[in-house]
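What follows is a structure written as structure tokens; I'll ask about it next.
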């Protein structure tokens, strides 16, 4: 009955098996192997466009490398005030960019408010030498509050960014969950809506540890810069085939969408269950995360029954489902609530 | 017949199996799991001392994090002029330290020359504000030329460093090979000889991707700093258990020493074979690497026969054996040479 | 009739003369000259305590060096959301610290709100590896809105910081103006109220370009680190005597307080004049800055008459007086307003 | 009788006077003043080409900003192993570039050896992700050993650099001395020979503290980047007019060349004098610096007589003349030698 985080889940057996399948004989190291090219091709098919990639073992690495590739040290990155890159990465964007700033924006459910974004971009002064002008807009889908942006919402924000010559980054640590929830295609929810560079997560949805950085369109020109930065950050491990094999298995036969669908459905069940027992949703359940205010004593009761979940700074609670959340987990939660 | 690098080898089946064994149910993420503590305990036993650790997926990350923990941005690191941290890490030490310098020393077979080290340390002026004073001595064992330091050689160099208040780092990407070759214990070849912080490699010797940073003695006070730096460098992936499980399996029952012994013996076979055909060793074969000058046309002949090996910048060639080098590989090399 | 900024003012003749007086014969370079020690002694007398110093040519350098000396790259600095270090220094604190974060707090008149500070500090989690914990509290006096903190207000905030093991930095670019306004002594408004490290400005109050970084109490242990950082940032120019001579002349005979008093009185005159013509003060006039909302057309009328002042982002206007603001300037403003 | 360094000399009266002349009324701050544009125009005339500039107060700042504008964090800078940027700037290039490397080259009298440069550039592998490829060649004129490059020597080296797509930086801390010595024009010794960006020093030759960064040709596109980096490094002090006024006075009427000529002639006198007393020159005296081996006891005798000079790490001694070295200084040296 662990609803702490989807990062607590094990890896899916098919992805584990892919490591064994890749573990045959010698292979060129540092990313010159055949698996990487296969992963690139698989991602190109899924996203319906030719693209360039790099693979890393953590979402923090994916985000920070992506941002460093887009933002000079004297620039800034627009993001939501609750974004993972602001709250949970120990200054990784500042480290990788050489000291760029994050410029914070408000918005319900951790979606960047469109009007606030418009105002902020209108106030951007690239020629004012005293300020760090915005060079990048970073969106998260799912947001840090479990809400999804639909394609037109991405497009609206990306459009404002591009008009002002900002690049658009998407933190897609839970992109699969957002896809399933919105019914959009990967292309619609990324480059067709204006995303230039994307962190495409697999770890939270069944991989052992694998996140892809995707470069779309003209951002593909940054590939050499991206690889150089990855290398010097220690994110070019010798046996890259074991990263690439995970990505291939993750995408194969739509496994990733099946797993995300499973997690999302579990979250709906958890949300319904909690609401039945007096909980109040604080954010829409667009993916695999449920944020609720709980009636007095409920949290303590659940903890006592051995349930794992997370106390949010604002007094609410977060329950996260994963591909591995089982009917038994939900039944145990129901029992604990009764 | 791939002698390109030990990084081209697959993972040992027992280490792969350990991933499957760890893939059971939910586990706390970001390094709070039980596997990490088990890895720490196993390393403490192997090194015969209580120690602190962090685990990363590449040797570059291990070295750069270790150095950043020991050297301020306005300091410098003494290392051999052919050291991996100088030649092959794309400025990772400079990046992680915030701009510290590497100060290069000569020495045969990539062992730092003792007299040169003494002279350099004597010239160190911590109070001269214009220079970046040395704060760290970094040794590599095996060296970049495949030679081993014996414990007293480490101790001589570390002793000079400590007298001048420098910390001592050891790049042990091929530490297992050096151990087998010298017959020393892990303790003798590290902290008992004065090593403060160590990069302890497993990837080149059978792991999928796992290197430990070991903090000995008073360097253990740097653990919080090390973990903070690892986090912001993207080297705290969510499912850390898959790193820790590799390390546990690597050490279990002395697997690591068995694998290194196998690689070292293969290297002896390769060296003998090449010498029989006119090759001249340029460095001692203390571990799993063979550096040779080849008779005219030999390199071309071998390439033509499909052998993989590496042309070194100085005109010599490097043949690397791994745990996976088989009698068939060596037989094929023999055939190609005839 | 230039009220744009006190940085637009010329240097006071006595400070200019000090350059000529120092321009005699050879002197040791890079800060080993006699003038620096004289400046240190003069500052010690003024602040009634033994202290250490470094001198730089810009406030940005003073602030960024001070913060880098106090905050590790994986930490954060608490400051007001309108602080100069956040708004106007192009990411200098992030650059000098190696990527530390600024964590923003609200408060009227750019004074950090005491309750907000208490809440923020209570939420500080130094052991949470995912966040950049606060290591420093940075206050500005005058604030960015021209308000002054009195000693007890500094002490309240510094007390909260120290309880949580944070160091306290004071941006005193307009410290002289705050002193005159509050009637406090330099000691009362700095170390006696808990300030550890201070940027002590002279440029805006009559120098050509000179700011001191002052280290009080146990922060004096950071002097070697501070000097090393200054050197590598290019803030150890060869002929340091010309910085030190400015500081000596600035302090001599209380010139600095006389100049600040003059500027403050001019600001009172400007404030009264503008209010007489319908302006509304948006912040207290505690120093040499006047922030006002102007009646319709007044700004345009004044611009037309050649007055220099600054449009603030919130629609108000800033008029700054300096030591060089003359009765003629104020008479011209009065004429323009009529 | 101070021959320690030209940085120990006072400022020339005409340059000091220029500060007073600029100290009239209000002026826009942060580099929008009229003096900067005048300095740019004066430099354009002197260098016979339109160019862009920034002004800073130290040579370290000039060099580090120039290099950061040309070299990405994952690149390297080729320079002489005794270059000031390597030996005497406390890692400033590494700090400003975000961790780029310096790659050292040998050469007599601190001139980069042409053959060594050719070999190094031929070995440059921009596509090898493991190395930090060279992006910049940095030359110094005068070199760190007081020798001058003539235009064709600059052109040979710059030509090799440009063929390999490297930019060329010139550290011209003592450019005036090199000009006088070689008889070349400023254009011939800079952009006409292939220099892209230059640190143009005035401090060692009569200014209080003023160095210009000059951008030639296509490097002028880097101006916005340069200014942003200067700002965040604290090298955009408010009252920039006092930097610009120095540069204008330095160039006016050829003062700079007159002063350098004076210093160079003094150095010839000192060299002749020392040689007469048994000293052996270790480097050509192409400018204002004299490097010698002294007969036994001579150094002690001179120290005893109160002469200031510098013991070089290799056992030789450096005597530096400046614009302010007087016949009396040289007579005193002669007396001390007798």
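We just call them A, B, C and D in the order they show up, numbering each chain from 1.
Basically, contacts are C-beta pairs under 8 Å (C-beta built on N, C-alpha and C of every residue); 3 or more make two chains touch, one makes a residue touch a chain.
These numbers come from a predicted model, not from an experiment.
S.K.: So using the touch definition from the top, which pair is joined by more C-beta contacts, B-C or B-D?
M.R.: Contact tally favours B-D.
S.K.: From chain A, which chain is the farthest off, judged by mean CA positions?
M.R.: Using the mean of the C-alpha atoms as each chain's centre, the farthest one from chain A is D.
S.K.: Starting from the mean Cα coordinates of chain A and chain B, work out the distance between those two points in Å.
M.R.: For chain A versus chain B, the centre distance works out to 33 Å.
S.K.: Indicate the whole-number Å distance between the mean C-alpha point of chain B and the mean C-alpha point of chain D.
M.R.: Here chain B and chain D have centroids separated by 41 Å.
S.K.: Centroid from C-alpha atoms only, then distance chain B to chain C, rounded to Å. What do you get?
M.R.: 50
S.K.: What residues in chain D touch two or more of the other chains?
M.R.: 30, 73-74, 89-91, 95, 98-99, 129-130, 132, 228, 231-232, 236
S.K.: Per the contact definition, I'd like the list of chain B residues that touch chain D in the complex.
M.R.: Residue positions touching the partner: 73-74, 76, 87-91, 94-95, 97-102, 123, 129-132, 313.
S.K.: State the interface residues of chain B toward chain C in the complex, per the touch definition above.
M.R.: So the residues of chain B in touch with chain C come to 30, 72-74, 98-99, 127, 129-130, 132, 224-225, 227-229, 231-232, 236.
S.K.: Show which residues of chain A lie in contact with chain B when the two form their complex.
M.R.: Going through chain A, the ones touching chain B are 2, 4-5, 7-11, 13, 16, 19-20, 23-30, 56-62, 64-65, 89-92, 95, 203-204, 208-209, 228, 231-239, 242, 308, 324.
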